[in-house]
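Each structure below appears as structure tokens.
The following pair of complexes shares a single chain, chain A, combined with chain B in the former and chain C in the latter.
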Partner chain A sequence: MAVGAVSVGRRRLEGLDRAAPVWLLAAAALVLLILLPLGWLAYISVSGPQGLTLAHYARVLGDPPLQKALWNTVLLAFWSGLVALAIGAPMAWLSARTDLPGRRLLQSLVMASFVTPPFLGAFAWVMLAGPNAGYLNQLYRILTGGEAPLLNIFSMPGLIFVVAIYTFPYVYIMITNTLGLIASDLEDAAAILGAGRLQVAWTITLPMVLPAILSGFILAVLQALALFGSPAILALPAGFHTVTTQMWSFFQYPPRAELAAAFSIPLLLATALLLLAQKKLLGRRGYAAVGGKGGQRRAIRLGPWRYPALAGCLAVLACSVFLPYGILLKAAFARAWAQPLTRGNFTLENWSFTFLHGATQSAIVNTLELGVLTACVGAGLATLLAYVTNRRLIMGHQVLGFLALAPVVIPGVVLAVALFVAYTRPPFLLYGTLWILFLAYLTKEMPVGYSQADATMRGIHPELEEAGRILGAGRLRVLREITAPLARSGIIATWCFVFIGVIRELSASIILFTPNTKVISVVIFDLKEEGQFGAIAVLGVFMLVMTFATVALMQALLGRDVIGVRTSGGSG
Partner chain B sequence: MRHRRLPLVLLLLALIGSAAPAAAQDPRLEAARREGKVVWYTSLALNSSEKVAKLFETAYPGVKVEVHRTGSQRILQRMMQELQANIRNVDVVHTSDAGHYVLLKEKKLLVRYTPAGVDRFAAGFKDRDGFHYGLRATVNVIAYNSQKITAAEAPRTWKDVLDPRWRGRLVTAHPGYSGVIATHVLALVHLHGWDYFKALAQNKPMLVQSAVDPAGIVASGERPVAVNGGDYNFYQVKKKGNPVEIVFPKEGVPLVVSPSAITSFAPHPNAARLFTDFIFSREVQQVLADTEGLYTGHPDVKYPADRPKLGDLKLLPVDPEELEKRNEEIKTRFVEIFGA
Partner chain C sequence: MPDVTITGLTKRFGDVAAVAGLDLAVRPGELVALLGPSGCGKTTTLRLVAGFMAPEAGEIRVGERVLSSAGFVIPPERRRMAMIFQSYALWPHMTVAQNVAYGLRFARTPRAERSGRVDEMLRAVQLAGYGARYPGELSGGQQQRVAVARALVVEPEILLLDEPLSNLDASLREEMRFEIRRLHERFGITTLYVTHDQAEAMVISDRVAVLRGGRVVQVGPPAELFERPRTRFVAEFIDKTNLIDAVADGAASVARGPLRLRVAAGGLVPGAAAVVSIRPHQIALAPRAAAPAPPPGANALAGTVIRASYLGDSVDYQVAVEASDVVLRVIGPTPARARAGEPVAVTVPAEACVLLPPED
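Entry: the complex of A and B
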């Protein structure tokens, strides 16, 4: 930092060299991706036939069913965040600070929950806990002979549960990372002074990780607010809407984009405020003990609690990974998913039906094209931006950094509405092409990509580049021959994160697709509406295989675990 | 896997046999081949739509059918949204909401085309101006899972499902998605008024989207009774060996005739005409009746012995004009009453 401050003036002048157009291009892309769509969104929300109006706001905020949808979203987000915290925090502590057996495995399984598309999880839980045909409920009836179901997944608590088991990894990652930075000295001191294990945890460890806990909670809330698939699968059958499903239904014929726009502004404000709160919390980072890599960290001995604790963790992971994956796999090979998988019930027809269906084939091609394209452009753009902001190459680089992270506050549905109104009219008629989806994905994944790239760039000290410049190389050559090789593994990780994010995207795609530009998630959603369980299970399994192949590839290329990497990304 | 597909292959071969001579003489085939494909937006259940498409592709090699299957209301939404953005994609549009065709005709989005042989069709299947013809028909019925409910217990009338003992055990599809259900809602509003649906909401039915879906829900036992849904969907699920029984309520069954038309902006007009002729041919209409359990307007079609004759049922038809006029009311009130 100090070095940077001294040479800022000199670098600014350098910003005017031949590389300047490259940086300006990156800046222009950001404006086009974020400012233009959001500008249109705001404009549409206040424009009526007779000029400016607040009528749309009055309508969406004054209508009782819409108010109810808002309230449902508040309930869903708050409780999901809380449950995610209740699951994620103890698990994080157990895996970071104790001698819990199988911690590496645990880490991998949390990673698996993290990358599982939440809508697939929700769909699997329909088969597990539908009140009558659900597997767990059938089992429960057999065991107890009772009539009433154990769980009803089509309810607010059911929805909260399913959302929480796929958002707790955010909490987990936040807290594990912070715990990894706290040395054991303070805890030791307390122990020497006679504090018991619990007392140490309560009075020393907890206050130090409190900011991480709160910001993990906020991240989980943000995730829950923005989800579309899970409420569409679990809330609509139960007869209630959330903000996201309501916005989607504004697009039924005759479409009401202006109401959707007006409805998205409160959501946008809520997410922005939450993120601001999180920034404040993290910005405090006041405890000197947190932040250094020095000091020793020793595992706390759990003693007789080792195995019960492990069982608890595995129970959570059973809900998010084992059970859903199992039922999906079974349904993929069954004629009737609710019946036991006997010889007579076993079939491969779901597979041939799914893959011979024309819409599936083109959706797979579209998804892969979009995934690769977005990942390449996104990783490239994010790396460039991170380079520009870290090396302070142009005026206003802070603004660029902020803009790159800003989409974190934009829920997918809102982004889609914004892109829809911005790009269904001249001069940019992109609706109906893959490009509008590309823009949506690029914008949505930019925060993740940028923070990942930012972390990479921070790790590369400028002095290596300076040495290159002194020896007479231009900035672009230095970038190519010194910076890029050093950043290679970071760039690969960025690529993979963006790719995984794209292939599972539903909430923006569902508004932006046309029949020729369907992606896999949209086909799954279509099939869901028709109740084609077998075909959905097949595509779900296919999607998971693609995701885990990417993760495996990434780990093989990087030779390390990557779960911690995104933390900085998620937290923005 | 291969041998499972054999019967279908044989069926296809049989059809090629019958369609090939006609195809060879058809001068439009060359033009259609140059166009390469026909884009079909259809609300016919996915399996059935795919089957029809395969039959066509076998009869007319070189012309592909692009099947885009979704609910009737979604089809209208997609079409309009695309037109607004100047996208002309669809050739043949087929939904189960007859009101759509009133709207589309009014907006001059359809072209007048009379498929070969439809003049002999039953009256309810023909547009008097010649823009659209009924490709198939189904009726809305009640259905139940016979493993969970005995025939004696099963509801027999539309009003029977209002009994509190069905609370939490019903499933309904959605008029905001399905044309079959929009038609159903209007017919029942005529019969029993909106109060019927208010009372139904007291029983907390599970809400699904497609009229296809209740059949699967009942078969799995997730909800033992469906309060609506296309008769043909239940029939197909039952044929596969699922414990599903169909009830034709005494008050009458809402009749849904699903029209098909060619759009005025069809990018593949020749293929569209060829395809339209094909789907209204006796061969295809017979397939719809045989394997899909649908009714058709074709006078020569024979129905499986286990199907009631359409003429023997008490039918509740709806007026397409009214369906179009009240489309929004139906969707909005349904959402008000059921919550989503």
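Entry: the complex of A and C
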């Protein structure tokens, strides 16, 4: 009997998956990361001094100024989505299907607008189109001798414009990806049956691209809903609020977290519903049918329209890249940014001020520390989680995949409110440290990191791992010696995506920072209050240089265009 | 070399039982092929033996050691097995030599001996001198050999092969069949070989287990399966055959309408349903005018050629049997004996008419 018991015990031990603790730990980290703050957010929004209450909801939804903020957000999101569609769809078609000159360059410039932090663009546009000193308005006055400004960026149309020129890449990417999958034979098949060119476009091409068009529109709307920086810079001076700026103002002293929590739930629901609609749109049609074998794509000849079309594209890119980058560069080297850059006006003081000043210095250090830390932990955790879900290592692995993608629906401001509520009380007292920012970034970048890691893991045939195991290597050893080297470039890409996302983050940081834990984006926001445009420009240029350096590093390491494959994810 | 005993093995995916109470005994040093159409459970069985999955019921033993049972699975790395995968699963970031040497670390081979063993094995698979290459620099056939070397070099107790030849082109596949058989005879490792190709199974294995619906329906040496299939499914799956649904009308004969056939087995109960399987190449055919007298005891039938297809090394006929709805497929030597529309005499030896149970 005793012998039998021992051998049964040894057998149990022999059969144990020794790597299981690693999987479970990764899963637990994710669950804690996502569910703890969201749970607190929901709880705080319905809890009052006398138990559960709906008073907070009644208050935020019944208050006319708050209703106005909600309505402003709806207006902003809808119109900027529409403008993004109007810009992005034609450009996508031109660059994917026509013989437009300079298509590769166009693509790179669209990607440059894509990675430009929207709040930087908004700053640049303050300098370009502010009613008094705005560069374009000065130019207009000189040219016409008029008194009234041509443009006023501090207005709802101005805000819509600035948001749209940085969200149109979402539409562009969705549509070029789909157009790239539609082979010309599908259109030829209709043409040979007698359909004219317009009929082909109307009956074949458009219906096939329609889901992509709609889902690109939805993605752009989602971005606009979640945006904090641009409304804060452009709407507040104009005297109106959006949901995100309103939530931020709930955190001005004294903080009213319960109101912010109640106000964030409608936003959360709206983004969740929109994302659901987008998934449905993309999921219904058999996109496997698109593509097929030997799909050749012919470029449509634009003829005399080539150059007008190119000019149109360049005009858009002038708004999103050339003009803003130009004014930022100029401001970085000018004593007075609104004056011409003469020898007398040229200075390097902005640079020395920025990099030698204690507050900005520590913000740069904080940002880089957080960027590297979040990218390392995020890429590691995302890779482990993608491994667990792809190889179905633990029960409930489908839930893990869902949880990892769930933060997509959480706007940065909402996430910040949730983290604030969750980590200003025991057992986790993290408010006031860099750790709460780290958690915010980790959560916010998890969907991007996870989808990248998931794609990487899908590309690694499980038999490659099984071949190692049957020869005697345990799971963790296989992960280290076989899977990790094969996933190397994918993991690097994940790291870079997370890093770029972190160094530009504003909407969560603006609520979670404390005087000792400022990051670059927050300092830029502060400097705006002081009117330090030169320093803002320097920090902005620094941020852009870091972003493009990371993209360049990634492309050099991976030897291909990686940004183009990313179609969803957050932005500052 | 140990034996492998599988009893009552069951594995479900959702509501579908991929393997449903499978029994199989593999003798020490034997090569058994698991043969069946896709979805028959052969690959699942192999992966259960490898330990990549846990069974819901049943047991897998190697020698006296239980490797898998319900709720208990020794992980693959502790099974002392080797496996050759359909995709070869060569690690693209390691050289050929590194690929082959990988398993030696876990087989407790002293470091000093490893490179010698690798070279020796590369020679055995005719890849001497390729050690420094990367898998991506090799042809499909060479990659296949590296996979074989990587599996054999660790001297596993059990070798598992999962459709290893299905990614090769036809001529290379034929060559590799003989190669695998040669290596098996040299190393004598107890082997399970999964394939859906009956010709491959016949060439390579000592015994073939035909799987259907997650069970073994018949297991035996290739010749036995071919000549004495026990079910209609096996008869149809192992090469081409003519199947005739009939009714017993004597102890050793069956009838379908006016068509009567003497069959190999005796002891039939008249009136009982029976199925007869006749292999096409066991049927002789000649133009009716020039036909020789049939040997005594053989079934002599009259028919008309519907179609004669020239295949180079043989001629494939379809013959409508006279006064019957039966159409026989006949494979004869070249040159063709008869053309389409020609009346022919057809001779079927009684021992070529194999009786099968009517349903399975």
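Quick note on the criterion: the second predicted complex is superposed on the first by the 535 of 572 C-alpha atoms of A that agree within 3 Å, B and C clash if a C-alpha of one lies under 4 Å from a C-alpha of the other, contacts with A are read in each partner's own complex, and residues count from 1 in each chain.
One rule holds for everything that comes next: a residue touches a chain if its C-beta (ideal position, glycine included) is under 8 Å from a C-beta of that chain, and two chains touch if they have at least 3 such contacts.
Every value quoted in this text rests on a predicted model; they were computed, and no experiment measured them.
Enquirer: Sharing chain A, do chain B and chain C clash or fit in the superposition?
Expert: Here chain B and chain C can both sit on chain A without a clash.
Enquirer: Tell me which partner A:Glu445 touches in the superposition: chain B (first), chain C (second), both or neither.
Expert: neither
Enquirer: Just to be sure I read the superposition right, which of the two partners does A:Pro485 touch: chain B = first, chain C = second, or both, or neither?
Expert: Only chain C is touched by A:Pro485; chain B is not.
Enquirer: Quick check for you: in the superposed arrangement, does A:Gly472 touch first (chain B), second (chain C), both or neither?
Expert: A:Gly472: touches chain C, not chain B.
Enquirer: By the touch definition at the top of the document, which applies to A:Ser352: first (chain B), second (chain C), both, or neither?
Expert: first
Enquirer: Tell me which touches more residues of chain A here: chain C or chain B.
Expert: Comparing chain B with chain C, the partner touching more chain A residues is B.
Enquirer: Check whether A:Gly130 is in contact with chain B, with chain C, with both or with neither, and answer first, second, both or neither.
Expert: Touch status of A:Gly130: first partner only.
Enquirer: Can A:Leu464 be said to touch chain B (first), chain C (second), both, or neither?
Expert: In the superposition, A:Leu464 touches chain C alone.
Enquirer: Quick one: minimum Cα-Cα distance, chain B versus chain C, in the superposed arrangement, integer Å.
Expert: 49
Enquirer: Once the two structures are superposed, pull the chain A residues common to the chain B and chain C interfaces.
Expert: Common to the two interfaces on chain A: nothing.
Enquirer: Across the complex, what residues on chain A touch chain B?
Expert: Where chain A meets chain B, its residues are 65, 130-134, 154, 235-241, 245, 249, 251-255, 335-338, 348-349, 352-353, 356-359, 424, 429, 431-432, 514-516, 526-527, 529-533.
Enquirer: Hey, which residues of chain A end up touching chain C in the complex?
Expert: Touch list, chain A to chain C: 11-12, 14-15, 17, 461, 463-464, 466-475, 482, 485-486.
Enquirer: Show me the residue ranges of chain B that touch chain A in the complex, using the header's touch definition.
Expert: Per the touch definition, chain B meets chain A at residues 1, 4-5, 39, 41, 45-47, 50, 53, 66-71, 73-74, 76-78, 80-82, 84-87, 89, 168-169, 176-177, 201, 204, 206-210, 212-213, 215-217, 219-224, 240, 242, 328, 331, 335-336, 338-340.
Enquirer: Spell out the part of chain C that touches chain A in their complex, as residue ranges.
Expert: That would be residues 50-52, 66, 72-83, 85-87, 89-93, 102-103, 105-107, 150-151, 154, 160 of chain C.
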